[in-house]
Amino acid sequence: MIEHFTKGLFKENPIFIIVLGLCPTLAVSTQVVNALGMGAGVIFVLLGSNFFVSLLRNFIPEKIRIPSYIVIIASFVTMVDLFMQAYAPTLSKNLGVFVQLIVVNCIILGRAEAFAKNHTVSESVLDALGMGIGFTLGLLLISLIREVLGAGTITLFPFGNFDGVIRIPVIYNAPIRVIGLATGALLVIGYLKGFFDWMAIRKKKREIEKRVSAVKV
Amino acid sequence: MSMEKTEQLLVTTSPHLHDRMTTSRIMWTVTLCLLPAGIWGIYVFGIYSLAVLASSIGASLATEFVITKLQGQDTLYDGSAFLTGLLIGYNMPPSIPLYIPVIGSIFAIAVVKHTFGGLGSNWMNPALAGRVFVMFSWTGPMTTWLVPRTRGIADAVTGASPLGFLKTGLMTFSGKVSGPLDFMARKGYPFTSSDLKVTEWLNEHVLSLWGGHMQNGYVDLFLGNIPGSIGEVSALLLLLGAVYLFAKKIITWEIPVSYLGSFGFLVWMLGGLRYGAGLFHGDVLFHLLSGGLILGAFYMATDMVTSPLTGKGQIIYGIGIGFFTYLIRFFGAFPEGVSLSIILMNIVVPMINRYAQPVLFGRVREARK
Amino acid sequence: MKGIVVTGAKLFLICAIAASVLGFVNAVTEPVIRQRKIRELKEALESLIPEGEVGKLVKVENNDVVKGYYPVKKDGKLFAYILDLRGNGYGGELKILAGFKGNGEIVNVKLMDNEETPGLGKKAEKPEYMKKFIGTGGTKPVPVRKDMLSRKDADAVTGASITFMGIANALAEGSEFAKKLGGKS
Amino acid sequence: MTYVGIIITFVFINNFILTQFLGLCPFIGVSRQMEPAVGMGFAVIFVMSLASLITWMIYTWILIPLGIAYLQTITFILVIAALVQLVEMTIQKTAPPLYKALGIYLPLITTNCAVLGIALIAVRSNYNAMESFVAGFSAGVGFMLALVLMASIREKLDTEWVPKPFRGVPIAFVTAGLMALAFMAFDKALLRNLIG
Amino acid sequence: MNLIKVLYAFLSVSGLGIILGLGLAYASKIFAVKKNEKQEALENSLPGLNCGACGYAGCPAYAEAIASGQDEDLTKCSPGGEATAEKLAELMGVKLEVTMEKMVAQVHCRGGKETSKYMFEYTGVRDCNAAYAMFQGDKVCKFSCLGLGSCIKVCPVDAIDYDSEGLVWVDKEMCIGCEKCVEVCPTGAMQMIPYSADYIVACNSTDKGGAVRKYCSVGCIACKICEKKSPEGGFKVENFLSKIDYSFKGERVSAADACPTKCIIKNEPHPKKK
Amino acid sequence: MKELKTFPKGGVHPRDHKELTNSIPIRNAPVPSVAVIAMGQHLGSPAKCLVEKGDTVTEGMLIGESSGFISANVHSSIPGKVSKIDRVFLPNGLNSEAIFVELEGEFERSGKEVTRTEWREKTPQELLEMVKEKGIVGMGGATFPTHVKYTVKKGMRVEYFVVNGVECEPYLTADHRLMLEKTDEILEGIEIIRKILNPEKIMIGIEINKPDAIEIMERRIGERGLDFHVIPLKMKYPQGDEKQLLKALTGREVPSGGLPLDIGAVVSNVGTVFSIYEAVVHGKPLIERIVTVTGGAINHPANLKVRIGTRIGDLIDECGGFKETPLKIIAGGPMMGFAQVNLDSPVTKGVSGIIALPREEVKIPRKTPCIQCGKCIRVCPMGLSPTRLYKWIDHQHYEEAVKEGLMDCKECGCCGYVCPAGIPLVQGMRVGKYYARKKKV
């Protein structure tokens, strides 16, 4: 049961392994705080949609499956959007149109289709949590790299007399600005994905080696 | 000698004869042809420019070394990484902080070249991609130019490059002048005394024979007495090197001619409008000699790896670059458009290669039948 | 036929529930959003000319740069204007709020919504950036070219001259406009 | 903005893939080969043009008069999804060859960031009906341009020895990144200077 | 709270919902397209490797051939093996009679850089058939593995890899028995053996023992010791080369131990693999 | 000066090194003590062996019989005893069955008075039969059975008969010497062929680096009152290939996958013409050919008349052995010939030269990645893109390669010659064709 949760974190990480939900990943990963906000939004929507889709999975006829899922998802997205506008205006502005685009985020409908559609409510909720957190972790990693290299800062929430921005000494004065732009986003995710693929290849090699040495003994 | 004494024979497939040209020879020859222009750059901009070149080349070779070590290739000594580093250095302003060429080189070699498989596999010009990368990252330092020492001013004075001067100047200009050099003269852009003298002499003794007249400024542009990137300023020395490359058949006419031709035509046709001079009054010579156009057209657009394979394709490619260079120079946010145009057209090269292929022998008639 | 009706009805049901829920959520959040927007604008206006009292927006038609203005009163007397200006930046339109005296002199400037590049044009959002404009427009001309700036200021805008000129040109226009208003409301 | 301006903006300057990050998942997935890329490209152009027009109607004629603009997300996506499904079924029945070429990509597009994205952006930019349509069309063209160029590059890379861990998706991203770098040549200043 | 607005929301969205729901349901009725269910089922029970071992352009093509009755042989998919054949038979409603032993490929040669003599140094295209066209390869032995890895290139599942001596070796666990490597191998060193084969004679040379001894230190010299040592192992020396008849199930260890050139080796993941 | 004819696209200009042998008259090579006569020394199916070990054979006796439509007879080049029948490597690196004849007994022909057949009275059919009987195959390198080439299908007409005296391969001078020394025989050979093919126009193409051959040919044609046209050609490799030669001479292109006959032409090498003359007039089967033995490592380069089946090593001995240790020995021309592993292979009907190169004359290209310079495309006379084809093949996309014209490649070697990256392009094409045929794409 618990593996429904954990698989989303690493083994089936939506960004690096399944390669879904890329648009917001790349677009909002300019600042760490955006990643956190976006992640929270996605987790919320994912939870809601997976919950309802699995709840209603026997009620919804095949022909209107997609429209129904979309309505469910869109409702949660609109809620997120409205709440953000009301209570987290800067975040809402930074994320721009991508809050609304959570609707079409490929992970969410993907999970509804691939998982919630034929799993129980509790499994689906766990899956949603795992996928959502996996997504957030991926997003966080990308935005951390991009913000540190591309702006020389790490932007978090302001509290007290801390303005929410950590400035990295040397880089802050002359950051590699392109990393913060479109190019940087694509390159960073490309190299991260390459790195994960390399890890996977290495792991496979290790397994073979293990088998070989076992034979030798 | 009896034949029983033959040592182990070399067995390879045909052909058993080979042309003398090799990859490393090509690369080193191009390097050689580029050197004079670089030496001129170092001379006029001071010894710090040498440090810039050294750091870009050093970083380029070091990156190549590390990666080829990891991948078991051996392209370190074939000159391609050296050439990439050299060209990045040539495209840097002389006063640039050294970390910028270093990062540019690392980006060029590691990301643009070796991620795709190393020499020959990259589809984008590494040096130019590296330059554009740092240009967009550190726009300020990348657009700060030194005044050459041949202007008789002490070292390390910054000044605008001709194109930069025009770009900012023209933003608030509406009126009528005969062209860019006239505009610059009126706005007080200085030309050197040698330029004035040579131009005067030419006007008196040569051009007057045909009743022509030349404005001040071309000579400075031609010789490289202007602020600009280290390796791009001396059109003369670059052209001399290019002549050698043509003679050695290392570069062919298609790309430079179609590039300069299409760009020149657009400038001639439309370039005058901005100065109120009307259609077909653009100053082609000024635009050909300023900025990195000569360097770009003869040494960078011609990079074999990233340009189309066939003559037909190369002409399409050249025209494309010419068009984008015109567009960016005259309308874009940047004064210069060579690097961006070339890497833009690099994107299209695989597509061009797909369609611009030679006519197969014996297929023409078949088609006619 | 029955299948079709049932299917339609089911989608109807889902939509209906969704819509109603959203309707309620909106009912809760809408006032919050509206009030926040008003408050933000007010804060911005007040921070521009803290000593004055900002009046109602007067819309301006047929002007590319000046979209409207707020008369500012001090001690009941007309003291200055805050103009809602539009400039052309690197990334698109710049929204600028700027306070002018009746003689066109710039009192204070604030860059509002913009799509400039962080680290370049976005620097103009900082209050220090606008120092070079304050006090110009009246007797001194608004600096619209880099060579009208001090060496230090000029270096600071290098790499973002487009943003600079976008703001400067809007301010120059604004200054003219303020002069035309000439102290009348 | 003039129509030319809209076209240039959405094809080059705000290219959906290379600068706006909309529709990346199918972009990475379908750009492996030329033929599917072309099919997908046309399908996207078709759907985006249609969607931006229809959503404009809904927005202007229903949501605005009723004061319920906040429901744009849900209504837009609903309409787009249903519309695409309808179109798919129609051409599958009426034009099987067309369906073979385009139809198989339609389900991929139903819920694609790019399609909803253009609808929302068109609304945010206060375009009129025709402008919305042109914006949708040119955003689709921009998508196709990037997709087809990408496919041609990836086909070339198929015959190079790209380092193993980078084959497939990673190299596609790096390629897209470099394309985006070159596309930075197209900036707003260029547009403004070009068409005033 | 503005109830009117909530009502508008309710009406418009659910209105859309009912219209679209009806529309879609109706449309799917009139536009319904029939699919060949049997073919799909068949396709789903094939492994989906599209390796072509069946002789068709891929799994769907094979499925189509079966479904349309063009092909009645359900055992053509060697990767899927017995299990797949059974599934196909079940779907087609026929009974499967033959039972298949899974066959895997293995290289019958261990003559590497250090153990075998070379005629010349080959430098051309890295392809065994290319080398074979030049005096049948660079080795003196004309039956050997040329080690240029043509089989590696064609193997759909990466079951073949180089070992430290530059020869190739098949991992029998990964091999799916598609025979592509056997087809491509110019010298015949790659051969199919049963999965259960514990030992192989790693030599393919039919030259006389003396000749072999001259050019290769790990070649079979046809001394027939194996025949004597493991009578139940199925060893048979013919044409100056020992072969194993795997229908014999006896032990082969003593033959392997006794082989003077040690060319009888275990068929297991190669211990020397890089 | 009038512009010389040549083909328009592609081609290369390697240094020709012909000065080593082009003034040395042809002389007879010694008769081998053992002649190794291969059954598969022509294009097509190998001949069927007619003798057994221990049999006695005579000079010119038929020992291998044509075994199919495209195949040719093989004759013993020396009298003697069959000592063994075994498989051997031919100079082209392939393996073939061969008959070993140990020299023994009388020469029937050599040193005897030659008879003359009055061929003008025979019908074309009979003449063609003689060509077939005597095992004549193309001696320009392709070794295509000549009688098959001369069999004109119904409905086809031969407009041009072209004699190929181009000899564009560097180093080789066998055809050159033959044209100088056997001018009349060649002209008579052409007349025989004219009777067989009945062409409208006869042309002799000779590259301009053989001015003496052009001169003597023109003079003798004039003296004999023939209407053959000698056409001097600009030097360019691979002008000797029939497709390029026909393009240069007639402006027509042999369609892809087609034969010269498709454009109404037949091309024969001068050596072939000479062999036809000997076969028809003197009844002599193809048991001898001219071989140029040359290269920087040879002591005394020469043009030799060689019995088929002579070991390469014997020829080198005849030329004084090696001046220095050779690094590479090539059978055929340096552009299309085959490197040898040892000196044991026998001369076959297609071997026009033996070239022994010392270390300093061999350039060993270092293989580096393709830098897409496009030089290979510029020089490919067939209009192919070798670099693209190579990459397709390297990545096993054979269908793509075939679609882009792989099968049209004739392995002329121009691309491999110019490639700065030292990529074995020609071998790549061969591998590609091999797999493409195997997969029938």
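Chains here go by letter, A, B, C, D, E and F, matching the order in which they are written, and residues are numbered from 1 within each.
The rule we apply is simple: a residue touches a chain if its C-beta (ideal position, glycine included) is under 8 Å from a C-beta of that chain, and two chains touch if they have at least 3 such contacts.
Quick caveat, the model's predicted, so the values are computed rather than measured.
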Any chance you could name the chains that touch chain C and chain F both?
B, D, E
Relative to chain D, which chain has the most distant C-alpha mean position?
F
Could you compare the number of C-beta pairs in contact for B-F with that for B-D and name the larger?
B-F
With centres defined as the mean of C-alpha atoms, identify the chain lying farthest from chain A.
F
Averaged-CA centre spacing for the pair chain F and chain E, given as whole angstrom:
43
Determine the centre-to-centre distance between chain A and chain F, using the mean Cα coordinates as centres, and give it in whole Å.
69
Whole-Å distance, chain A centre to chain E centre, using C-alpha means?
40
Among the residues of chain A, which are close enough to touch at least two other chains?
61, 63-64, 67, 71, 74-75, 78, 82, 175, 177-178, 181, 183, 187, 194
Residues of chain D that touch at least two other chains are 68, 70-71, 74, 78, 82, 85, 160, 166, 171, 174, 178, 181, 183-184, 187, 189
In chain B, what residues contact two or more other chains?
9-13, 111, 115, 117, 120-121, 133, 136, 139, 333, 353
According to the definition already given, which pairs of chains are in contact?
A-B, A-C, A-D, A-E, B-C, B-D, B-E, B-F, C-D, C-E, D-E, D-F, E-F
Contact residues on chain A for chain B in the complex?
174-179, 181, 183, 187, 194
Which bits of chain D are touching chain C when the two form their complex?
68, 70-71, 74, 78, 187-189, 192
Taking the complex as given, what residues does chain F use to touch chain E?
89, 93-95, 338-339, 341, 367, 396, 424, 427-428, 430-431, 434-435
Which positions of chain C touch chain B when the two form their complex?
90, 120, 144-146, 158-162, 165
In the complex, chain D touches chain B at residues 34, 148-149, 152-153, 155-157, 160-163, 166, 171, 174-175, 178-179, 181-185, 187, 189-190, 193-194
